[in-house]
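Each structure below is given as structure tokens.
You will see two complexes here that share subunit A, one where it goes with subunit B and one where it goes with subunit C.
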Partner chain A sequence: MSGQHSLHAPFLGFSRWPRLAFPNIRLTPAMVSWLQVGPLALVLIALVALPAFLFLAVSFFDYDRTGIYPAFMLDNYADLLTTPATLRVYVSSLKLAGIVWAITLFLGFNIAWFLVFHVRNGMVRTVFFLACAIPFWTSGIIRTIAWIPFLGRNGAFNQALMSLGLTSQPLEFLLFSDFAVIITYVHLFTLLMVGPIANSMAKIDPALIEAAIDAGASRFKVMTNVVIPLSKTGIALGSILVFTQVMGDYFVVRQMSGGQSASIVSMLSTEIQAMQYPPASANAMVLVVFVAVMVGCMMRIVDIRKELVK
Partner chain B sequence: MDPRFDVELISVTKRYGATLAVDGISLRIPRASYTCLLGPSGCGKTTTLRMIAGHEAISDGDILIDDKNVSLLPPAARGTAMMFQSYALFPHLNCLDNVAFSLKMRGIAKAERHKAAREFLDLVHLGDYAMRLPSQLSGGQQQRVALARALITRPKVLLLDEPLSALDPFLRIKVREELKRLQRELEITFIHVTHSQDEAMALADLMVVMEDGHIRQAGPPREIFEKPVNPFIARFIGGHNVMMSDQGPIAIRADRCRLGVASDGPHVKGRVTVVEYQGTMVRVAIATDPGDEVSALVPDGLFHEQPVQPGDAATLVWLDRDVHWMANA
Partner chain C sequence: MIVGGPQVRPIGEGRPWTFYALGGLFGAYLLFLYGPMAVIYVLSFQGENGGVTFPMVGVSTVWFQDIVKPGQMANIPVSFGRSIGLAALVACITVVFAVAAGLGFRRRFPGSGVVFYMAVASLVMPGLLVGFGIGLGFQFLGLQTSLFTSALGAQLTWTLPFGLFAMFAVVNRFNRAWEEAATDLGASAWQRLRFVTLPILLPGILGVGMGALTLSYDEYARTTLTIGPLNTLPLEIYALISSATSPTLFAIGTLTTGVSFAILATTLVLVFRMQRRRSLALPEMS
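Moving on, here comes the complex of A and B:
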């Protein structure tokens, strides 16, 4: 190897393999690859793989009111999966996720369409994108709580309705209800739809739309035959982001439902507060597997990896 | 009565805000002809094509296709089909579905539209590629799919926006033969936008030279090449030496010019700047003493009898009968 190396070096003027400052240390291509993937791999192992493994282990442990005890038992899972409350919470979370997904998809698709195809001026488009993004510079908690004075019984919205004479007494369903939860989710997560879809749409050659119109496509058919098929990567990515956010939410449901609904994570947090770590771990594992399966199903419909490589 | 023209433009104007992209042009395109809109970039030729297609609104004037005013009709109702410069094939559809797209839009059943699409793919010799995606085809093949997709609507007028510009020079010549053959066989009008005068001369029955939003000259290629109306046309079309004489600008074809001596007749003196061997001809470029750039296309045999080098003094000579007088630009 070194013979070949010294043969090449004088001709090329640089060595084929990077050299460190130390004499006699040459990096082989394999070592370079390891150095390149190493840092991220370490971070992922330390912050994702190890904790997940820890949860997995603890989920099989035994526990009582005073502590947890290493064991291998399936009781935590059995309890969780046979409690009617689990099914109820999963169904209500799925229902919320479905509604929020549909609304954010509708809004996100249309906002992305407007930003990409209707705003011709690059400057104006940047301003609109910033207008979408700047609220995200504040924390989600603040943006959630900000709805309370607006939607409350004596909140701005009810006051406005009454002073306009549209209602005689405040609307009660606005706050501390599923309505409030959904409106907050939509507010928090619509941008997660807009971003990926706009990114997909920006890659659509405008000539394709003209070509479709030239072939006699109506506006609606341009959408269904050209724009939607070509935006499906963005739609899938946005859907996964919104879905996982809703399924993993804890704060919004607690604040906005007024304790009337529970989320999967709030169920989990109750267990943690009661120091019931093994059932909480089992709960977390089931949620992870559930979300992973759902995301896997979405990926089957749209091969995101294939599209991202393009 | 059979209409005499496939397309008529009547003082068609396009304004973008304060700028005039196309300034009141009028043109009649005879039936089943191959028309080339030719001009430097920004001359308004693509805008004109897009206005005929209906992808660009007309600010003023009218467009008639087959004696019917189509100025306000949507693209699909005009009897035109457009082939886009980038081909604009739908990347998510295979060739068959790309070609069948307009039939699908008309609600024609799948079996029927696929049968028709296969016929048109065969017409452009791509029958074996029906199931491929556009990304799996070469540029030339993509271009033929785009052509089949445009032709399947059975347009009266096919509009081609720089169809050959993305192809390599060798393929360009093959495809342009193919375009001409198709136009003859289908007996429909092709309107082809290009900035290449070679392409226009090879293809066109009617050549329309545009500059600055105006039509500067329209006619058969031979007429334009032999009788350019002004120095811009003569320079743009190439192969001419444009010089000023006392009575106005003149153009003399470079292949009619020779290197000679002042006593031969009309002449201009200068210095050789470039000698370019082109195979059958040698192009000798000369910077004249009055300051013009001229050249002589000399048959290679003649050149090698008396070769010259860059830097040599030279005299460009021509015959009086080869002088073409032009209007001032």
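Moving on, here comes the complex of A and C:
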């Protein structure tokens, strides 16, 4: 560390260390970094790390209809893990997350490819990218309910199908079904895939692709042997974002499935509304650990930190 | 955002078939993206006797008037004011903290990994759980949750990691030669930051601020358990969805989308203007 700094010191601007109001206090580079990162770190410690420890503690508490009582018991976990409903909700959430992940990955990769490799004019590319990004600036709640008049029994989609003569009567499965939930997720989250993947692809040196073509690689080979390995950071980052968004959702499932399906978090919010904080905390802990393990696995495949922080 | 990218050298004269296939896919995606939203924008101008689906029964702005009429179930104008106030504060704090942290992360320092993974955790943790934890914390401390305490904090756990990651992208494109030149010319650390680093990063910083503003303005998962007695706009809309089905909801959607667009358009105009002024002043600067 110190050897590296002494070598590069004049170029990094540390030949003259920053001085505060007291001229005899000199800050080392690490201290400067901590001063700069400190406020953000403090907020995250106070509002993410500490609350997480809090619901770890509460998950062992006892409770009844009137309150919660400090205790150390594993009943909340035992109840949660032995209820068949828990497994059912996890399986259905994972299934949804898997389907949505596959669709958004397919769309995201191909759209990013089109924007980065096929659109030759920089201005056109910016406009296209903005066209993808602009709906993201509309509230998720509004974008979710936007599907209701579109997919409903008398909705725009059914009327278009019938006026085209493709169906004789309205399709019933469109709204308030898993189909509607998946459509809404794809609508909400595809940009989370396009952005990181396009960012990775844009960093690929065109010379590498030319070299592969000159060496006789087919278009498919260029994709599998050059582009995919070099954009795997974007793919991993997009996958993490989409996966965690789907796992953390409670609104879309409730709204679009018409109450037929539940998600883990919607189950949790029911418990919170009933003031059953200890079981809700246990449920939350299990979900957090589950998401952390999944994200940890994805981050093992790709060192996102190395790619992001140069 | 993408600035330039590699180009596949065209093979032969015309475009390859993949261009048309992917172009078609992109067009279909845009239709999919804008179709449903266009439907609610149109339906928000539904006639007085019309319902929440097509056909349109005349055209009116009665549903927009409905929003501001007193004695409604949801008080949209007041909650809108709260949302904007909170979003402005969140954006200011996010800009200061995230920009400072983004600059701090340019060198590795002991503990940088912990902060990085904490930011990742904050970003991937289900929003409702973050709010739940903060709400529990307030309850244990005997504090009342409210707009500018717990809700502000809950939204920062969302906007700060976002701002930090956006700053990574901004800082990666920053050429350190500018800072080196400033130091060589005798600038102090403060002068270097004030007159060199921050002005060059300004478009990116503005982007972080506007991003935080809209993220806060639309946030509901983290806010719902930390808001206290007075709702923000998304929570007010959320409450409306379960109680009312009238085109008023669509009118609110059209209006809030308009606000988001205004914020986005302002940012874009400011950034483009900044970049143009720079390219005129310093033709060789990227």
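Worth a mention:
Convention: the second predicted complex is superposed on the first by the 274 of 310 C-alpha atoms of A that agree within 3 Å, B and C clash if a C-alpha of one lies under 4 Å from a C-alpha of the other, contacts with A are read in each partner's own complex, and residues count from 1 in each chain.
The definition used in the following text is that contacts are C-beta pairs under 8 Å (C-beta built on N, C-alpha and C of every residue); 3 or more make two chains touch, one makes a residue touch a chain.
This one's a predicted model, so the numbers in the text were calculated from it and none came from an experiment.
With subunit A as the common reference for superposition, the partners subunit B and subunit C occupy compatible, non-clashing space.
When the two structures are aligned on the shared chain, A:V58 is found in touch with subunit C, with no touch to subunit B. Judged by the touch definition given at the top, the superposed model places A:I213 against both subunit B and subunit C. When the two structures are aligned on the shared chain, A:V116 is found in touch with subunit C, with no touch to subunit B. Among subunit B and subunit C, the chain that touches a larger number of residues in subunit A is C. After overlaying the two complexes on the shared chain, residue contacts for A:G152 are found with subunit C alone; subunit B is out of touch. Once the two complexes are laid over each other on the shared chain, residue contacts for A:A85 go to neither subunit B nor subunit C. Residue contacts after overlaying the shared chain place A:D205 against subunit B and subunit C alike.
Looking at the shared chain after the overlay, A:A274 reaches neither subunit B nor subunit C.
Once the two complexes are laid over each other on the shared chain, residue contacts for A:R125 go to subunit C alone; subunit B is not touched.
Once the two complexes are laid over each other on the shared chain, residue contacts for A:N225 go to subunit B alone; subunit C is not touched. Minimum Cα separation between subunit B and subunit C in the superposed model: 5 Å. Shared contact residues of subunit A, touching subunit B in one structure and subunit C in the other: 205, 210, 213. Per the touch definition, subunit C reaches subunit A in the complex via residues 1-9, 11, 15-16, 18-19, 22-23, 25-26, 29-30, 32-37, 39-40, 43, 52-54, 96-98, 100-101, 103-105, 107-113, 115-116, 118-130, 132-134, 136-137, 140, 153-154, 156-157, 160-161, 164-165, 168-169, 172, 176, 179-180, 182-183, 188-190, 192, 214, 217-218, 220-221, 225, 234, 237-238, 241, 249-250, 252-253, 256-257, 260-261, 263-264, 268. Contact residues on subunit A toward subunit C in their complex (touch as defined above): 1, 11-13, 15-19, 29-30, 32-37, 39-41, 43-52, 54-55, 58, 107, 110-111, 113-118, 120, 122, 125-126, 128-132, 134-135, 137-143, 145-150, 152, 154-156, 159, 187, 190, 198-199, 201-202, 204-206, 209-210, 213, 219, 240-241, 244, 247-251, 255, 265, 268-269, 272, 277, 280-281, 284, 287-288, 291-292, 295, 299, 304-305, 308-310. If you check the complex, the residues on subunit B that touch subunit A are 53, 55, 74-76, 80-82, 84-86, 88-92, 101-102, 104-106, 149-150, 153. Put simply, subunit A touches subunit B in their complex at residues 205, 207-208, 210-218, 221, 225-226, 229-230.
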